[in-house]
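Have a look at this one.
Labels run A, B, C and D following the written order; every chain starts at residue 1.
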Amino acid sequence: MITMDLLAINFSLGLEKLLLIGAIITFSLIVAMYTTYAERKVAAWMQDRRGPNRAGPFGLLQPAADGLKLFFKEEIIPLTSNKTLFVLGPALAMITAMLTSAVIPWGSSIELFGRNISLQIADVNIGILYVFGVVSMGVYGIMIGGWSSNNKFSLIAAVRGASQIISYELAMGLSLIALLMMTGSLSLKTIVQQQMEGGWNIIYQPLGFLIFLICVFAECNRTPFDLPEAENELNFGYHQEYSSMKLGLYLFAEYVNMFISSAVVSTLFFGGYDIPFVDETALSLSLGANTVALLGFAALFAKILFFLFLFIWVRWTIPRFRYDQLMDLGWKKLIPLALANMLITAVVILWLNK
Amino acid sequence: MHINEILFWFLTALALFSAMMVVFSKNPVHSVLWLIVVFMAITGHYIIMNAQFLAIVNMIVYAGAIMVLFLFVIMFMNLNAESEPQKSKWMKFAAVLSGGSLMLILIAALKDNGGFISSMRGEGSIGLIKNLGKVLFTDYVVPFEISSILFLSAMVGAVVLGKKDSSTIVS
Amino acid sequence: MPVIPINYYIFLSLALFTIGIVGVLTRRNAIIIFMCIELMLNAVNVLLVAFSKMHHVAAFAVDRATTAGTEAQLFVFFIMVVAAAEVTVGLAIIVMLYRNIHSVDINFLNRLKH
Amino acid sequence: MASLTNRAKVLEQKPMSFMERLYLPAIFKGMAITFSHMFKKKATINYPEEKRPFSPVFRGLHVLNRDEEGRENCTACGLCAVACPAEAITMEAAERKTSEEHLYREEKYAAKYEINMLRCIFCGLCEEACPKDAIYMSETFAPSNFTRKGFIYAKDELLIPNPVTDKEKYEIAKGLREAQLKNK
């Protein structure tokens, strides 16, 4: 289905998809920008401070000021570094962070200029596997950046980051298998539609959700799993040698990752663009399909915002793990738990179908 | 030219060029990265042939897991272009020559056949997960289970090999 | 209808395979040689998928519900599985080798008697 | 081995219970604490706009005082320089001419009076030592500067504005302290 949708392009469809891609990328960049602001603001509030409030009203222009600052800083490329790879690293990190957004259904479809436009870039029928593929590509941004800086702190941080991501990908996949056994489909759109009818997956898979959430935290390199950036042992982590906008891209990719993973979590476990306690078909008869689609997008966005807040909340609550604790949690706790969850789900499904 | 064919030629060129770069780049890390590009190009080929499952498995397993292992090992050994052992010029020449002649022979042997590949939608549904999974878990369930045992033994083997021998530490 | 002759895929796969062989013959770094073997495995995979597709298209013209060609794709899947297992063990061996002789040069591998 | 003191406290080290090993309740408890802090009163203030009141005994920058008619109090007796533990104060005395009676209160005055703010430790001993109530410490902070020289404050920087000619500035320089003291 990817091929043919991709290859049988007519002009207006191509234009529509391009516009959608542009809109989603702009949107996620803006959200990522304001997540940095929210992070500083929430961190301040949790520590009884006020946070940034000088640039613009309530400090709302702070992210723009930060971005400008990063743009105007001197671009330093270490002499002994590997120049091509040094530049490639942050680019890869950013691209892989962005790529995942292609398969997330941002809403149902809207009618515009007589066309039925689906608010999803590509309804791939292997959506979740695609997400996994892109996530596993995300390792290279870290590894290449850390290695090419030619600095042992960067290298150790890169290796740590990569092994952390690989280890937690396993538990992530296993926790999702239970979910996939229930839905019977890998397409994210189908999963959302099933949740609209049968209730959110979080009700059926609380343990799976917990494991998935922990793994998402680890994949995004967020506290309590931000070992690659452990300042007290590795200085600044894998982007230590970076400066200017290349550093900005790395930092920004983290926030884009957070945004996209929040979207994935809310799509998989919290009904995606499903408006809770409301029958969409009945509502679309009274309000019109377009309004309901926009409302659905708003619902999804609200869920995403909650998860973004959760990311920040956890970061300013829980201290960092030690490296052996991290590996212990991943391999000895989460994977067996996910396996048990999978087995129990399988048994229950078989028992219900009998 | 149809967009499918354009993609085919582009991916083929990409795959061949980066495969050459794997062999000829001096720095082992560059070799690994070029090999990742080869795998991505091959993934693209699978997508053109509508073998979605294999495409994504290729991407996750080869590009995402196996190559990371290679990268790990190379980074830990701190191999770079200077420490890279090189064969003599004549040996390389002989290797390229013999490889080229092997390719000539193989092409000569295989060039006459009239098959073709179309990428019509309805004709290519075997690569979908649904169909592959059904066959995999019914007809091929025994090889599947055996491969899981293979994995387990590989895992144990890797751990045993990678573990530092306690007697060597003492000495 | 876009049609690509099977020959193209054969040639692509042969070229990749040959590049892999040349790599094995020219390089002395054990890891690179290992990578070239992976390249050869992948060349075979491409060929198998192409043949499976061709087989399926031919069978599809006769019977629209055919599953011909599935086996080849599963075969590729198993090749990947085995390759993954092989890489873990192989890399573990190379790491152990490096620990013993502090090099990954295969020319030093004649020291088995030590 | 016997302990040196009897104050060592033996900690009870029992293995963690199942609930403790889950860690999740503890994590949720911590998250509840941080969440509750979001709605607490903020400890910080918007500094240049809002200022915290100083304590009445706060010791800031030095000010050389004048009396109500605008005459300088200082007689260059040197007691402050003697009292200064950091040796930050230097001065040169001069004799008052007849035409200068509106400028200086006593017949001797400080022609040069310098305080090195890099040496000053703001102990307030000069203030204590002064018999003429000529030097006291205000509630301004030492401002920043680009050069070391800039931190040697000469007389023109130290003197309080003239209460006769420059009434408003004098009041400001006199500062909040008076008001505070009055309020008490």
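The rule we apply is simple: contacts are C-beta pairs under 8 Å (C-beta built on N, C-alpha and C of every residue); 3 or more make two chains touch, one makes a residue touch a chain.
Because the structure is a prediction, the values reported are computed rather than measured.
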Apart from chain A, which chains still form joined groups through touching: B, C | D
Chain occupying the middle, per Cα centroid: A
Chain whose average C-alpha position is farthest from chain D's own: C
Interchain centroid distance [CA atoms averaged], chain B/chain C, Å: 5
Averaged-CA centre spacing for the pair chain D and chain B, given as whole angstrom: 72
Where chain C and chain D are represented by their mean Cα positions, the distance between them in whole Å: 77
Distance from chain C to chain A - Cα centre to Cα centre, in angstrom: 33
For chain B, residues contacting two or more additional chains: 2, 4, 50, 53, 65, 76, 119, 124
Touching pairs - complete list by chain label: A-B, A-D, B-C
Chain A residues touching chain B - in the complex, by the definition given at the top: 1-4, 7, 9, 82, 85, 125-126, 129-130, 132-133, 136-137, 139-140, 143-144, 147, 155, 158-159, 162-163, 166, 186
Contact footprint of chain D on chain A as seen in their complex: 42, 45-50, 53, 313-314, 316-318
Chain B - residues contacting chain C, complex: 2, 4-5, 8, 12, 15-16, 19-20, 22-23, 28, 31-32, 35, 38-39, 42, 45-46, 49-51, 53-54, 57-58, 61-62, 65-66, 69-70, 73-74, 76-77, 79, 84-87, 91-92, 94-96, 98-100, 102-103, 106-107, 110-111, 113, 115-120, 122-124, 126-127, 131-132, 135-136, 140, 143, 147, 150-151, 153-155, 157-159, 161-162, 164
Contact footprint of chain A on chain B as seen in their complex: 2-4, 7, 27, 29, 33, 36, 47-48, 50, 52-53, 56, 59-60, 63-65, 68, 71-72, 75-76, 119, 121, 124, 128-129
List of chain C residues in touch with chain B within their complex: 1-12, 14-23, 25-29, 31-32, 34-36, 38-39, 42, 45-46, 49-54, 56-58, 60, 64, 67-71, 73-74, 76-78, 80-89, 91-96, 98-99, 103-105, 107
